[in-house]
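Across the two complexes that follow, chain A remains constant while its partner is chain B and subsequently chain C.
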Partner chain A sequence: MAEHTDAVIEIKDVSKLFGPVAAVDGVSFGIIRGEFFSLLGPSGCGKTTLLRMLAGFEQPSRGEILIDGQPMAGVPANKRPTNMVFQSYAIFPHLNVEENVGYGLRNRKLGKGETRSRVAAALDLVKLSGYGKRAAHQLSGGQRQRVALARALVCRPKVLLLDEPLGALDKKLREEMQLELRQLQRNVGITFVFVTHDQEEALTLSDRIAVMSSGKVLQIARSDDLYENPNCREVAEFIGNMNLFEGKVAAVGQGNVTIATPAGTFTVPHTAPIGAGSVVHLAVRPEKLALSADKPATGLNAVKGRIIAQTYLGDRRQFLTQIDGMAKPLAISRQISGAEAQISTNTDIWVAWPPQLGRLLTS
Partner chain B sequence: MLFLYGPILLAPLFSVNDSIFATFPLKGFTLRHYAEMANNTGLLKALRNSLIVAASSSLIATAVSVPAAIALTRYKLRGSGLIMTAMSAPLVIPSIIFGVALLIIILRFLDLELTLWTIGASHVFISIPFAMTVLMSRLEGFDKSLEEASRDLGEGAWMTFLRVTLPLAMSGIVSSLLLCFVTSFDEFVLAFFLSGTETTLPVYLFGQLRFPNKLPGMLALGTTILMFSALIVILAEILRRRGVQSNSPGAV
Partner chain C sequence: MVQRRPEWLTGYSLLSPAIIIMAVMMVTPLLAMVALSFWTQQGFELDRSFTLANYFALVEPSSEPTYWMGIPFPLTYPVPAILLIKSLAMSLAITLAVIALAYPMAYFLAFHVRGQKALWLVLLTIPFWTSYLLRVFAWKIMLGFNGAINSGLKSLGVLTEPLSFLLYNPLAVMITLVHAWVAFAVLPIFVSLDKIDRSYLEAATDLGDSRLRRFLQVTLPLSAPGTIGAALLVFIPTVGDYVTPTLVGGPSGTMIGNLIQELFLKQNNAPLGAAVSITMMVTIGVIVTLFLWLIGFRRLRSRAR
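Our next item is the complex of A and B:
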């Protein structure tokens, strides 16, 4: 069944109800063998619940999950080809590092030597060789996280499930571990399903991301595609910063539409059929916007405003520009190269962008 | 504090006093009463009975409480509040009423003879609330994802119990055993009502108090028991603390 799709996990119309609450609500998608797949969404959107259904700790109320082509209904967690890295790491406190890592090998009928060498290799993989005899309570947060990883990987699962594994680490360690995790995944070639509510983390790590909200999947796409082409307002606002103009379709052209907004009339690419008068949003990223003192050339979307604040961010500077007719100021992000002219706060300024860099959002 | 522990300290004091009367002024120091105690066969028999009753009732109470405590902490059972209330009934019902009720049940309805077993059975009842309290606080204290992790790593329910739940609950189990042991060993009222020809140490002690010349010997015995009980309670507390410590997540 799964041969031609090469999906290692197939989720078919899966829902999970807790009483009247649908924690996961009619979700369908596939996860491709060997990819780094992230479930991204705000707190309480159902990421953990979905992951726990993959692991076998929860049963779907509706729908079906297939792993490696096998239906998982009625298959308990201990019989699934998945392993999990828990948010709390769940390191066994009564066992040392070696015993923790070797825990899952007991009933695999490996010889003593084979077990020992696999544990050593797993510890090596997570850069903890030499720590085998440490007691669980002697480990730092980062080390506990590595032990949890080694303990899961040593079982050679078809899919590794990770529930916000970096959430408890400080920023610097988290960034280090992100890099390592990505490298590790490439080395071992195991499919990773990674849960996070940190969009930056998801963008750096993942091959593909599923953005979730209130139990539903809003969009599944590659990181760059998700950033450049969000399919709805919620995704656009959740991933990175986004400026939104609300307006109505004024005219439908060849491959583009013109929309009328309180701030002015703008052109934006669009190919699907759309009726004039529909309420839509024009979305454009802060780094796509350019500032200029003089009126920009025709052919660009342009709007006049006033700089009300600016923030220095090291590699770039963020300007907030108040536009007449708009409630929220526009955010403009400009790379700092050293050559650009200074712009002082409270000056009037033109903001412009080429039409093809805007995105039309119909929902 | 003096009111609380003062009387208790009098027992050891008079137990080494070289006189058969427990009065001031003290005479000379002696261990005579302790030596006599060791040769008293009636006393030794009662001691042996007490040890048997305490050991078996603490084992049974703890063995029953382990699965019950797991069920109550791990699964949101309906009526678990009711179960807890029912189990702690022996804590609030006066021992005398409990003793009389048991006596009637055993003699009238079950038509059994009064033996050490009937005492033991009543001690199981009064020990269970203590065992449950200790075990449940231990089981609630550790991360439930540890058991899930074990399942995830390929172990079924039974092996997860043996490899994770049991070792982590062990300090709780040991302190429950010690606590139940002390509870039974010190228990008087139920043992008094429910003993037949054989009896336990506290009941024997009470019987001997009628003879004034036996008093210092009894004080010596009391002192010995006091010291053992204190030792056991301290041990249980140390174990409990140790358990809590090994469970905390360490430096992060």
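Our next item is the complex of A and C:
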């Protein structure tokens, strides 16, 4: 694979068994030097186990991990060119900020002056200059997070591993830290491997995302690609909101197929070979759907329904529309500009979308 | 609005049972002891006029020093001073031995036992299901002239004559006291090790520490509060112990507690006994305070939070 040419991490068919349970199940991919890479998935999907195998805290049951071309089998955690930011930050409570940040440097034969200037530079990097003498227990959550970052970065690792580092922060601070983290990663140019269960966070931060579920990698893609072109139902439902129509392929056309669903017949782009009659899903995002009182023009996929609920979300309004023949109501998200017509609940309405905005999911 | 009781009052009322017990059972006898040490024994009567004579007797200089372990004691009545120093030295050795034995046990319990910790803690207390006296006697049987160790070694042909240095000396006292106190030390050390967040250890490894370095730099400092607690728990009571030296110490294993007992019960000089007791208590207090000050306990305590 071309993307492996400058892979700083290569994961080759790695599995991790805990008793009979495979926490990580035959995973293979590469992480490119200098990228911000996220492992995204629900809790228990194996993302943290995979990260801990990169750090050296767990050994793969099968398969091989290479960091910078070197096989990591038998290399203990303290000898790996990785550093980690722990979920709990793990700021040593018996050391002050400076001593915490300089901890990893004490294991290297650096001069006193060199150590001091690197610690100062690292504190500067995370905007904590002047906090060096603070005791660990005097720090707020966000400051602890910065200390943990500085402590890992000061060692200049080839790869920085981050285990849900923003999970413990409140929403506002988390959003601030996301921006800073992204900025920081660009500045230092170190490869970041970031574990999170928060899909929004992964989309905001990452160059590429690996979506994991039950120990397997479902899809690896850029944020926008992942959102626009999920490769299976699980990814489609995990990333953002998604409306799904289950149906059968009725006709295969030129670059598109027509599928018959209980709610109607719709057209969706598709190029790969597919047999008529296969059971598939049509996926379409809430914000791609338009509402209208009158029947829309031909050429659009359209379906008639009834508004059963609407939620005001500040910048947009979400409508839930019950469609005959569908178990789950359709979600439609509409930007609020102030000019659009009010739609009241319990009115009949047409939902329509251009065929090219739908996606066909075969698995 | 409901008038709420001030917080300090609630706090003190919750503490009051403990405060009452402390006042009745500890402070009062202690004050009585202090008072006693300023009085004089006159035959069977107590002369209740205030005097510092008892304390003066403990430090009264003499031109002919008495030697103990090569140390000169230029005192007229050197026995209390010698026994106090000897007891402190023995207790220090006992404390160090107890910590050396208890720390690995607590470490094993905290880091290598999974799921069965409660069972192990119960197992640790099994020796305490018999009385302290029985355990001391057990050591007498172990170490005695015809005891388990000597007869065992003789029947194995290792010895022809029994070893006489096992019992009735300071070493026998120290072995017995170490055994008696080691389980008490395991608990506080275990607690302080067990509550160390495992991510600290992983972080230390991640930052390049070897296992030894991680132990010295992270595990040991973070378990210091419990370890210091355990050391004090052993050191303070063993200085004044008199049962063990009475039973296994012999003449050379005598400690300060034996002298106090002797003064109160045999020599019928309770005021002097009280003065020796108070001196011992103050000495221990000063040593403990100095020790805590030296290791920077204030700093440790703030870190433990």
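Just so it is clear, the second predicted complex is superposed on the first by the 359 of 363 C-alpha atoms of A that agree within 3 Å, B and C clash if a C-alpha of one lies under 4 Å from a C-alpha of the other, contacts with A are read in each partner's own complex, and residues count from 1 in each chain.
As a convention for this text, a residue touches a chain if its C-beta (ideal position, glycine included) is under 8 Å from a C-beta of that chain, and two chains touch if they have at least 3 such contacts.
Note that the structure is predicted; figures quoted are calculated from it, not measured.
*Asks:* Determine, for the superposed arrangement built on chain A, whether chain B and chain C clash or fit.
*Replies:* With chain A aligned, chain B runs into chain C, so clash.
*Asks:* By the touch definition at the top of the document, which applies to A:77: first (chain B), second (chain C), both, or neither?
*Replies:* A:77 contacts both chain B and chain C.
*Asks:* Classify the contacts of A:183 with the two partner chains as first (chain B alone), second (chain C alone), both, or neither.
*Replies:* So A:183 meets neither chain B nor chain C here.
*Asks:* Contacts for A:241 in the overlay, against chain B (first) and chain C (second): which applies, first, second, both or neither?
*Replies:* It touches nothing on chain B or chain C.
*Asks:* Output check: A:345 vs chain B and chain C. Expected answer is one of first, second, both, neither. What do you get?
*Replies:* neither
*Asks:* Contacts for A:57 in the overlay, against chain B (first) and chain C (second): which applies, first, second, both or neither?
*Replies:* both
*Asks:* Give one of first, second, both or neither to describe whether A:93 is in contact with chain B, with chain C, with both, or with none.
*Replies:* both
*Asks:* Once the two structures are superposed, pull the chain A residues common to the chain B and chain C interfaces.
*Replies:* In the superposed arrangement, which is not itself an observed complex, chain A uses residues 55, 57, 76-78, 82-84, 86-88, 90, 92-94, 103-104, 107-108, 136-137, 151-152, 155 for both chain B and chain C.
*Asks:* Okay, in this complex, where on chain A does chain C touch?
*Replies:* For this pair, the touching residues of chain A are 55, 57, 76-79, 82-84, 86-88, 90, 92-94, 103-104, 107-108, 135-137, 151-152, 155.
*Asks:* Under the definition above, what is the set of chain B residues touching chain A in their complex?
*Replies:* 142-143, 145-146, 148-156, 159, 163-164, 167-168, 246-252
*Asks:* Give every residue of chain C touching chain A within the complex, in rising order.
*Replies:* Per the touch definition, chain C meets chain A at residues 197, 199-200, 202-210, 213, 217-218, 221-222, 300, 302-305.
*Asks:* Looking at the complex, which residues from chain A come into contact with chain B?
*Replies:* 55-57, 76-78, 82-84, 86-88, 90, 92-94, 103-104, 106-108, 136-141, 144, 151-152, 155, 168
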